[in-house]
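What follows are several structures.
What follows is a pair of complexes built around chain A, which joins chain B in one and chain C in the other.
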Partner chain A sequence: MRYSEVRGKAKYSKKGQIGLIEMIMVIFIVTVLIVVGIVFYTGVLKQSIQKKGGEILSQKAEVELRAIQGMPEIECSKNVRREDCIDTLKLLIAKEVIDGEEKGYYATIFGRKRVLVKQVYPELQGQVENQECTQEKYNQEVYPNNCDTWIIYESRPATITEVNKISVPVSLYFPNAAEDRKNEYRIGELIIESYR
Partner chain B sequence: MKKGQTEIIGLLVIVVLLIFIIILFVTLRTKPQEKAIGRESAYTASLLTAILKATPCERTDTIPARPVSIEEIIRRGIPRQSTCGNGEARQEYLAKELQIIKGRVNTNQKVNLQILIKNTQNPQDIILVGNSCLGEKTVERRIITGSSSGQQERFEMVLEYCTT
Partner chain C sequence: MKEKRGIAPVFQYIFVAIAGIIILSFFVQSALRQSNISKEVGNIQTVNALEDNLRALEVATNANKEIQLAAKQGITVNKPVCGVLRVENSPQIRTQEAIFSNTELKADKLKVWTVSWEYPYRIMNFFFLADGQTEYIVQGTGRLAEELVGIQRQGEPCCDNFEFIPKIFNVKTNSYTPQSGQVKKYVFINQEPTVAPAPTAEVLKIQTDGEKCDEQGNREDSECTGVVTFYKEEGQETTVFFGKAMLYGSIFAKDKKSYDCSLEAAFERMEKVTKVYEKRAEKLFAKDMQDQLSPNPTYLRIKESLHTLITTLENKKIKVRQLTQADLQEIAQQKEIIQNLNEVLRSEGKGQVF
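Moving on, here comes the complex of A and B:
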């Protein structure tokens, strides 16, 4: 009698232990699954928010790209009629205006950005890649073959974490580029680099 | 509740959790990407305008020398006295220049561009630069009328844009 009682007790205790271990295992697996799910969901959510942020920034830049193209400061016109192109002569003057007294006004419009126009066709010979077109370059005889970039606006933050670049092809108009040439058109890109 | 039933309920809870995670994963992975149709359309329209306006060469029989646009070359052919090409035919010259433009404008590997100029009255008079897009594409067309050989001709310039 005593033996079977002990035996029964021992049996009961072992079974209970197995049940307890089983329950702990189940709780552990369920917890792991929930944690993995939460980590995964948070990661995806973070990625999605970052992507959406990038998209919003990109859409904003697109709207600005259109607005800049139509700015009277750089848009070309013939006999008061607006044309679908950018006047490179106006670009030189626009930079002076934007960088001058009106810088604060343009800073509220553009914010932390770099707005530039780059000639892509025809390809220029020699080492003129990324050479900024200035009044000085304009006065040289070889203009417009001595530079390919017009920086309209530039405001960089102290620390840059992300640069979002967006561009659109544009027609570049060179009025009276040389004494014997008029109404020359080239192909360029209007580029906006947004900083974050 | 019997022990077996409890075990089955536990198993069911795990299965349900697994299914939930799988559904969540699949839903987030296959979320349709929003396409910036407006942007592509604006891009192709701007590029086509810029190409047609571009003046790669000039006439040498006028004083001062008058620049010749790509649109003019399509419409009237290469002027005899000009700096356009080295005596090449219009087709060869335009194909060469358009290839250069395509390469210079499209530096993004994910974007595919195709430029096509066809004479609607003469199917053999065709200039094709680049490969056609397989997927969803944005197409911009311009009709250019002219007369290169004394008779009225009608050209169509088509620009295809797609992301690969």
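Moving on, here comes the complex of A and C:
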């Protein structure tokens, strides 16, 4: 074989190899770009789904607020009072039933939430503020001036990433209120804290 | 030499083709997956929206609505187990609501009616769902059969809050000639069925206890009780209803099995609400005792009656699928006692329990 023929053969072989390497590099870079694009898209999609999830949770909380306000377990029954109101005697009982002995049942209704009622008017200040109303407080002569909060239900997850709080004003009915043994009305707030 | 030079470009083309196919199949797979995810997300949104709509209607004593869905979708209620709601392939949602309907609905516009169930105090709302594929044909000569379809008798003083099955449901009367093609549900009120059950014809008989279910004299809905018979090609199944809302439920339920699902949910909630009133009576008695030397014994009697009702409900809950008229009588009697004691409190000028 002459020298020029050998040189030619080597030249073509190197050209082929270079061509192949170029091909591989092009495909590699295109793949990297595609992967980067997918990662970016997935990130944006995930954020959008999380935002949607937050909106759905908000909407659900608003619907549940109205539904809880009308639950027979806490609302004033028609022979007790015709006006829409929340019966504070039932609120005391709710703690024993809804957040106590029947919690398993009500967990499917409420889910991961804290549901409470707080008196806002007349304002009770000082040591009484944020005091939970319990059976002991109910038995005292000064009730309902010795507490302003009734916790109906509470179920927190192990880790909380988001809390969505929503509330609505309600009329609170006190049957046989302490001061003069007459039934009494006050103004309160029904609060739902939804956990994620 | 020439043959070897010819191999390299061919190999390149093959390599490019293979790489291109791999990339293309990856994108096609991603697109298909994305499409499935969008569909699933849509189904989940629909089932959540449906649940929200039902919860929003819960505050009404009597309301109806047509819920527009994104497209004609399959909705499964109380299937395969009681208390679940599902749209197409969405995850099942557990619900404590009492929903009376066909177990499988297919609609782009879902018809919903809700009525408050009181026995004798308000316990929960019942929901009645239909997809518009079924014609309800009410047959009967009595007042109730007319009232169910919205006919008020001329010249007779009627009633506050006259209640009837809303027009959005396809409810027809005796004189109607059924159209072919649609599924028909024949509802016979206090008379024997004159139609045999068939694949497109469901048959139901409602036998009321006396005349307590019609609207004459503004009767309380809780006085309406009776027996329901679901007729199937292989036989018939009987159960009971107590309260007007439950009578409506028997009309919309697919069969006894589906009806029993909602009956169970109703018993469960009735037990919880009754516990609340039992404790209320107890606290009122305790407060009365604090205030007076001789507290009112009616509070104690009503507390004990409520406790008896709770025990009865717990026992009946276990056999809810085999309830008889005797069970119905037992619950009805206890309800009467509780109602009367509550009235006694009112007449004595004391705060009522409910």
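The criterion applied here is as follows: the second predicted complex is superposed on the first by the 138 of 196 C-alpha atoms of A that agree within 3 Å, B and C clash if a C-alpha of one lies under 4 Å from a C-alpha of the other, contacts with A are read in each partner's own complex, and residues count from 1 in each chain.
One rule holds in what follows: a residue touches a chain if its C-beta (ideal position, glycine included) is under 8 Å from a C-beta of that chain, and two chains touch if they have at least 3 such contacts.
These figures come from a predicted structure and were not determined experimentally.
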item	value
Contacts of A:K46 with chain B and chain C, given as first, second, both or neither	neither
Chain B versus chain C as contact partner of A:C85, first or second or both or neither	first
Partner chain(s) touched by A:I34 [first = chain B, second = chain C, both, neither]	both
Chain B versus chain C as contact partner of A:Y121, first or second or both or neither	first
Touching partner for A:R66 - first (chain B), second (chain C), both, neither	both
Partner chain in contact with A:I109 - chain B first, chain C second, else both or neither	second
Partner chain(s) touched by A:K14 [first = chain B, second = chain C, both, neither]	neither
Which of chain B and chain C A:N183 touches, first, second, both or neither	both
Contact breadth on chain A, by residue count: chain C or chain B	C
Chain B versus chain C as contact partner of A:I93, first or second or both or neither	second
Residues on chain A lying within both footprints (that of chain B and that of chain C)	30, 34, 59, 66, 181, 183
Residues of chain C defined as touching chain A within the complex	1, 4-5, 8, 12, 15-16, 19, 23, 30, 41, 45, 48, 52, 55-56, 58-59, 94-96, 121-124, 268, 272-273, 275-276, 279-280, 283-284, 286-287, 290-291, 342, 346, 351-352, 354
Residue ranges of chain A touching chain C (in the complex, touch as defined)	9, 12, 16, 19-20, 23, 27, 30-31, 34, 38, 49, 56, 59-60, 63-64, 66-67, 69-70, 72-73, 77-80, 87, 89-90, 92-94, 96-97, 101-102, 105-106, 108-109, 138-139, 175-176, 181, 183
Interface residues, chain A side, partner chain B - complex	26, 29-30, 33-34, 36-37, 40-41, 44, 48, 55, 59, 62, 66, 84-85, 120-123, 168-171, 179-189
Of all residues in chain B, those that touch chain A in their complex	10, 13-14, 17-18, 20-21, 24-25, 28, 34, 36, 38-39, 42-43, 46-47, 49-51, 53-56, 58, 63-67, 69, 100-101, 104-105
